[in-house]
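Structure first, then comments.
Every chain is named by a letter (A, B, C, D, E and F) in the order it is written, and numbering of its residues begins at 1.
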């Protein structure tokens, strides 16, 4: 089974962090490839960054579909799940976002959880997803450690310390059974944080890999009946001309 | 007052239809300009089309911000409100999507309404917006006339006839006070449909123009406090390099 | 265009404050008249006050309908939107409540807002409206400055100071992009508070005037199809006999 | 125990129907008095009728409070529960609306119910109450038999036949365990309809009487802590002057 | 009228406390019997305790149904309402849980309430019930006094003191009109707490007794139409063999 | 990895059907054991059956915990997820219900789904779970094929034909992308139905096996922090005495 992890930002170091974390949980028969778009923001910390990154996500799915190395499932490795429904339209394979993956898993091992994300301003993205997916009643609180995303790479020691502190506050104050980490860049921190905080810590990249394996193992892919069917082929103009008359199957 | 209408698809004829409809309702002191992205899909009929179109929307807002002809408010003239929150981050001006505009107006003149959109597969986009905005209890039903978007331009007679029929079914079956038209390309049909159906018909482009005038008249623009603040400047790579280190004010 | 602002309480000084604020934002072609019922409470600070005031609201709408100076839109200028649906039944014109107007506007310029109202005991009215209109997910918190309504007229300095303090607390604690003022008597304070607090302040009277202009400009009025149709004419007894066999058009 | 049933409309025959139904279910120690306002609509079939009737409801509660024959609980016998929160502010006694009473009871004997009301246009009032009270998930459908309220008195045979038919349709189509009758004027029809339809029929007047007895038996009355405390005394003008400086205890 | 109170735990002292509290509020024509299962947990403080206790509840209802002393209504006297829907299937009589009873009553005398329960870990049970019943918008907060259930019997002085303190905090901090006590073992504390806290205190056992009287007085029992119909008779194996081929009427 | 499937009813043939279906999707390193309680109903078709079956579920989890063949994850293989939260309290391993599993999976491959269950009267159980889990907005409709559960074993041909017909109706009428099968006894029908209906068919037993593998692969088990911690040990009486002073780790 081949699972392609798409890091929606263009920071290769983060792709590697994510890919390594994914490989660490992959089943023996699962092959992980991790990729990032050629074009897009180096980190995703706003609605704008997220909107732009969705194009790269779609392109990486299309690349996977056209690849000689067929992809069995895709993971979108940014906590805002950018381009999730668009990506699903482009393939028969399952596509899993790391936010949804983490939320699904959190509700299976606890009755209430909190989210700890990077910046306060991206908390609203998590809140919107919680509402849209139907998990808002299960989440006590969306918290921010106020860490810029790339500090998880560049300034890891300080960033991790802040994360530990915010997770501990969540444990003490929120009346919860688990914590969801709200950034793909935290994919390698699960074990460390679990130990440091003393509560199950759920991270989306690893969760999405395992949910992808689950769907593939069920022989289930994105439904092509209804609103996730392949897009109607049509002309695209300008720099998106390559999307014209998409040849999907 | 200068309101820029952004048609998120790249079909110039539709931009003109939309612009004309906008001008027809604009106040005497309001100047309308209508534009569309250089790059993107010729129509928006899927999550994928919508995701790609969000880039063009953002670029058109940035172009407006850098223009020597300052823009007082932006309207996003596709019923999925693509890129709405991203666009809001890029400007101090108000940005209004035509779906939200139509929903707001519908709740001010009726207690329950239905939506009549083009294709069944895009109905889910309207449903998601209704839930996200909080209007789902006010909407009885999202209906589709099963018209491809560009048929509103190319094959108008048949398309309009189907619309009339679906609107009449909504009137008879849905126990409603108003109908919301679910496509920017229907902007010129409001009067005709109102007469033909005998019930208030709400169209988003015109609604958004008037709500934009309202916000500008209140001296209110997008809040720059909290999660709609300007995006943190950062590098973008590849074909999105021009978004690097955005110089917003 | 003639917009009639109905102050649902009987304090003429407040009507004047409200009328002046309305005129300050009205478009050049808009004429504002401000009125208050002959009968009713001098301020509205309870469910009881609100229930009684709804009669005066209805009467003022009927007076407007019978006037030789035709009214194009009505605004109900008390934050509980008393008698809103009743008033809508009585006219083909749009009728806008200031609470709904402020909520609509708040969601167009921010993703989350708080309400700052006068007395704690009227907070529940705002909460009920938020739920009924569908805006409860967008509102973080309903706060009270604990100011009796008429202190906004009589004891303005102290009242305004308390308002500033409560708005600042909301800004610091609530993770919001905007504040909605929860009383028609605050209509003249928007600019002052915006400066003092440093965050968009939305006030309902002014918001409702601009939304009324928007609806009239769209040639949309209250739907007479369905449950907002004119009431069935019938006898009324006693001091409400004048409502008998209402002659509406 | 003295329960005062307030028929919010001014049709004495309906007050008698309601009073008789109330007496039929009252406990041996319960004394029922039934009254209606001196002023108001002869029937309540619109938001406007309802708004006006709330004044009469409040006055009847005040009359009860000042009476030499102390009232232990009040019932508001119109299915829109007009003036319910206002009435609660005016007394330490419990005040029960017949819509809420019927909904409470329905959820105790079934998992899903439907409402059968008089006119289609008043269905929205029931829908709003269901949402506000939190019972909307329990109600499958609000149906109308299209009977003017006073036809329940004047034209009873035809009216009852239509009711039976609509109730039977609800039973067959709605997948429910019980039916709630949506009008105070149906108070005497419960037994007949239960037999004719073959499903528990819940009627609000009788339900409210028994819930009132329950609250009084628990020594519980309307909370005077928080937003249902007595209204702040203040001047009222014009024909509502008698409400000035309310002397409540 | 014969109301059977079922204490779902097997602590006879608690059954007596509950029975006494029930008798204190019962109407003159009401006879209370209080019972507990022969088998089950001595207190209910977890989902597991609750699941096991549901069997005993069902058996006690079956015993009541087969008794020569016919039962007119059943009360399930544990705040998690264990086995409520199962119990309803087994009888034509009404069955009331004390949590639902308390919630119903709380919404009739206040607009917002808080729950004060025993242990933090059982708070989630109250939260789930509030959501399922539709009362979550009416409840500000579920609080725990951190008292093991049986301490209400064994260590009453300390337990009551903690309850008083938690109730006072609720009164001061939660902006509420009433408090719901979240444990059947608190049935005898209502009067004491009402005095000590100065706010209406609602207790479920007493509330359920009065609501049962109300339903019986309305001649209403559990609907046997739809999903609360008697279970299809079938074999049960092992220690539940006695449930085989249930002979219900 | 050892996954224990607990069939909550006592029909061994169904346990075998379920176990076989589970094995068919299990990963190569996964060992499936399937079991059913010694005591309980032969099928689960009511709230009562479900309540009784929860005891057997708990016992099977306890048996697994005490077994010399350690269990890594438990699956509760009845569509009502009986005893789910109780079971979670008894173990550090993950416990997955087949209804939740199917709902989780359905939302990952479609935007809207319908449920097709056995008997109409059990539809309410699915509705309650959808609400409790937060998936109600994603589910269009809960449908019943009106097949007694054991007919899936005894009368398979007719039962399957009815299922096919109901699934086809769902596909045609419900505007969905996937169907969830609402009974553990349908575990072997997924492939057949997928072919016959032409739409992804999601079955809970197989879904739960793969989600269990996912959780174990993530090294995540039921949180022992908060309300899913092991139950406080305590005495149980009568036939449940064996639950006394549970020795959990």
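Following the convention adopted for this analysis, a contact is a pair of C-beta atoms (placed from the backbone, for glycine too) under 8 Å apart; a residue touches a chain by one contact, two chains touch by 3 or more.
If you want to know which protein each chain is, UniProt gives these names: A, B, C, D, E, F = Aspartate/glutamate racemase family protein.
Fair warning: this is a prediction, and the values are worked out from it, not measured in the lab.
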(message) Touching both subunit C and subunit E, which chains are there?
(response) A, D
(request) By the contact definition above, name the pair with the higher C-beta contact count: E-F or A-C. (result) E-F
(message) Let me spell it out: compute each chain's centre from its C-alpha atoms, then which one is farthest from subunit C's centre?
(response) F
(message) Regarding the subunit C and subunit D pair, does the interface count as same (over half of residue numbers shared) or different (under half shared)?
(response) same
(request) Could you work out how far subunit A has to rotate to sit on subunit E, using CA atoms and steps of 5 degrees? (result) 120
(message) Just the number, please: Cα centre separation of subunit B and subunit C in whole Å.
(response) 28
(request) Find the geometric centre of each of subunit D and subunit F from their Cα atoms only, then give the gap between the two centres in Å, rounded to an integer. (result) 44
(message) Among all residues of subunit B, which ones touch two or more of the remaining chains?
(response) 85, 88, 111-112, 120, 123-124, 128, 131, 137, 175, 226-228
(message) Taking the touch definition from the header, please name the shape of the chain graph: line, ring, star, complete or other.
(response) other
(message) Can you work out from the touch definition every pair of chains that touches here?
(response) A-B, A-C, A-E, A-F, B-C, B-D, B-F, C-D, C-E, D-E, D-F, E-F
(request) Spell out the part of subunit F that touches subunit B in their complex, as residue ranges. (result) 111-112, 137, 175
(request) Using the touch definition up top, name the residues of subunit B that touch subunit C in the complex. (result) 25, 27-29, 85, 88, 94, 96, 100, 104-105, 107-112, 133-138, 171, 175-178, 198-200, 202, 206-207, 210-211, 213-215, 217-218, 220-223, 225-228
(request) Enumerate the contact residues on subunit B facing subunit F in the complex. (result) 120, 123-124, 128, 131
(request) Could you pull out which subunit E residues touch subunit F in their complex? (result) 10, 37-43, 45-52, 54-55, 58, 83, 85-86, 88-90, 120-124, 128, 131-132, 148, 226-229, 231-232, 234-241, 243
